[in-house]
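Chain naming follows the written order as A, B, C and D, and within any one chain the residues start at number 1.
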Amino acid sequence: MNQAEEANETARLETFSDGVIAIAITLLVLEIHVPDSAEVAEHGGLAQALVDLYPSYLAYVTSFVTILIMWINHHTIFRAIARNDHYLFVFNGLLLLGITFVPFPTTVLAANLEGADSDVASAFYAGTFAVTAVFYNLLWRYAATGNKLLRRDINPAFVSTINRRYLVGVPVYSLAAVVAFVNPDVSFGICAALAVLYLLPTKVEPVTRA
Amino acid sequence: MNQAEEANETARLETFSDGVIAIAITLLVLEIHVPDSAEVAEHGGLAQALVDLYPSYLAYVTSFVTILIMWINHHTIFRAIARNDHYLFVFNGLLLLGITFVPFPTTVLAANLEGADSDVASAFYAGTFAVTAVFYNLLWRYAATGNKLLRRDINPAFVSTINRRYLVGVPVYSLAAVVAFVNPDVSFGICAALAVLYLLPTKVEPVTRA
Amino acid sequence: MNQAEEANETARLETFSDGVIAIAITLLVLEIHVPDSAEVAEHGGLAQALVDLYPSYLAYVTSFVTILIMWINHHTIFRAIARNDHYLFVFNGLLLLGITFVPFPTTVLAANLEGADSDVASAFYAGTFAVTAVFYNLLWRYAATGNKLLRRDINPAFVSTINRRYLVGVPVYSLAAVVAFVNPDVSFGICAALAVLYLLPTKVEPVTRA
Amino acid sequence: MNQAEEANETARLETFSDGVIAIAITLLVLEIHVPDSAEVAEHGGLAQALVDLYPSYLAYVTSFVTILIMWINHHTIFRAIARNDHYLFVFNGLLLLGITFVPFPTTVLAANLEGADSDVASAFYAGTFAVTAVFYNLLWRYAATGNKLLRRDINPAFVSTINRRYLVGVPVYSLAAVVAFVNPDVSFGICAALAVLYLLPTKVEPVTRA
């Protein structure tokens, strides 16, 4: 296989992943339950019914931003990954499995953020992100260890920055999952804070500029 | 990063956005509620039941055309945007957050266009477009201020045309949201009229022809 | 705009359309209602309940094949269309509006193929395809009249073949919609037959081979 | 049509297929039913309600991995297929019909894995994969017989490896469908085992390296 074909291979992996992530992020809106007329009456009008959906909006925005960051990260590491092999497809598939699952814990959280089971719902939500972060690390480390699948002109500072950043996700989301049983709001707050934090840019480029 | 890589970067941002917008526009059809046999009987036959769904069709077509125009606009401004950076991803993400949310107010509007809460539903609908228009302006102005991310051969008349056109959306949709509390039909009419209006083409090209 | 940019413009239109059509075709499966335990009991077991869903399978396959053909046609005519302008986006958008609507009449048909309202359901189903065929003709004739947006080396035999093929859809689907009120099964049979018929290939290439 | 145009043709077929498969794989999550408050109470709390959804998780993961493998296979055979014709579109469409149907038997299986109808549900699930495997063979053999649509420099060992691998799917999934009536768990176990088995890589490249 020549270089052009290699580039094309990675391209189709990225396109497919983009498609899956784009769908997962858009399906999130389906979790926001449209109140029927009985529910509107119960809330004393549509305005109040829409306001009382705020747990759904919070969960929606947090999951949206988190998946968006996962996509930006995917985009970033595939600027560094130049080759692919069968197991890259498998690890990438595991990551997509994690990402497509997100709408489910999001809906569970939105339905329970206010109730007696908010601890379990928050732990389930944070736990899903912890597992997805594990899958991210598997994908990246498989590709990056010994520069196995990275471009030959890769900037080592880029690799070590990504390595460092990716160390944060697993323990912090795991911590959030445990904290949920003490204080569910703090648990959810950690997930939301991580989403904001990850919006900050990486300073290092995959290739040093001439 | 060289020019070819830059082009590729913007390409993936556009492809992902295209995917998200394509899904949001297609999910709209799920808001049209298929009448079950009890509802058909209540309306005195399927024909009448389908006719009585007209608020759903109106909301469907208006939201479809509005999202379509958002896509055409996205396409237009990315003919002018040649470079990207981290914050372009963030502002683009905000815009996508607004667009993917549209199916929700659309369903709320369709369910309430005829009822006592049509004012709130219309205001919520127009308000969503007002917020999305704000996100559009953030994206465009971030890219265009000082030609920060625009192509070097950009036609200044194109930039000022887009600047002018984008000024309209926020105040008019905001006005429609306020008007909803006076007359919900006029509010929805403004949204529908804007959709038709925006179907008119921009006359100015991003690059002047030789 | 140079040739390369023009190609890129059409490319993004095609990619977006592909995305929308891909989603519409995949959403069809959501119309097949999974029987719950009460329904299973009513049908005397899951096997019978699944068999009794045959109207859903028929509607699913017919709509799937029809949308697939619409995609193949879209693909075919865009091998001939080399340039684009604002109204091409608008007409293409109208066509997409028709295609994304298909899951709704499909579900209505599946729910009513067996009941007293099968005439209305079949007419609604065939009528949707008639309207979509009108949109297809608008798109094609806008692009093809005077070779306005076609490639310069276009094979005139290709244009006239497409012109002839596209004349069939509107009257036949309209006929099927009318026939529904006489015999709904014949109406649905016409739609299914057209799907099979259109699977036959066009013999003429857009460009004559050297 | 020259070589570049041919490549472009296959590209759009692949992109559309990628889109459809990406959506089918992502829709799977919608089959996981979010327990409402009555169901949570019935299960004695949210934690138990989430644990009791394990048939949904099993069906979700198995279908996800199976569709992922279908995509990887699609990707693999289209590295060998260089040309396309109308019937390749038709056979590819049949395959997509099979793949987009998967969410339905997945939901049926998840709802019945534990009940009296688990035999029918498992047979339906395995049977769907058997039919999809038939469609895969039709697509591949249409393209590969006499190297009809394969690249000219194709490695014959690649063709015979794919031929051999694809022989396995149809009989094994058919066997699993029959076994379901003896032991539903074994039937589902065969489907899950095949998913894992197919994750092992093909050793042979479509083109021999120089």
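Here is the rule we use: a residue touches a chain if its C-beta (ideal position, glycine included) is under 8 Å from a C-beta of that chain, and two chains touch if they have at least 3 such contacts.
Everything quoted here is computed from the prediction, not taken from an experiment.
Undergrad: Does the chain B and chain C pair touch with the same residues on each side or with different residues, judged by whether over half of the numbers are shared?
TA: different
Undergrad: Comparing centres built from CA atoms, which chain ends up most distant from chain D?
TA: Farthest from chain D by mean C-alpha position: B.
Undergrad: Hey, how far is the Cα centre of chain A from the one of chain D, in Å?
TA: 25
Undergrad: So the centre of each chain is just the mean of its C-alpha atoms; given that, what is the distance between chain A and chain C in Å?
TA: Centres of chain A and chain C (C-alpha means) sit 35 Å apart.
Undergrad: Pull out every residue in chain D that's touching 2 or more other chains.
TA: Where chain D meets two or more other chains at a single residue, that happens at 15, 19, 23, 27, 30.
Undergrad: For a test of understanding, state which residues of chain D touch chain C in their complex under the given definition.
TA: Touching chain C from chain D are residues 1, 5, 9, 12, 15-16, 19-20, 23-24, 27, 30, 85-87, 89-90, 93, 96-97, 100-101, 103-104, 107-108, 111-112, 115, 117, 120-121, 124.
Undergrad: Can you list the chain D residues touching chain A in their complex?
TA: Checking each residue of chain D against chain A gives 14-15, 18-19, 21-23, 25-30, 32, 34, 36-37, 40, 45-47, 50, 60-61, 64-65, 68, 71-72, 75, 79, 199, 201-202, 205, 207, 209.
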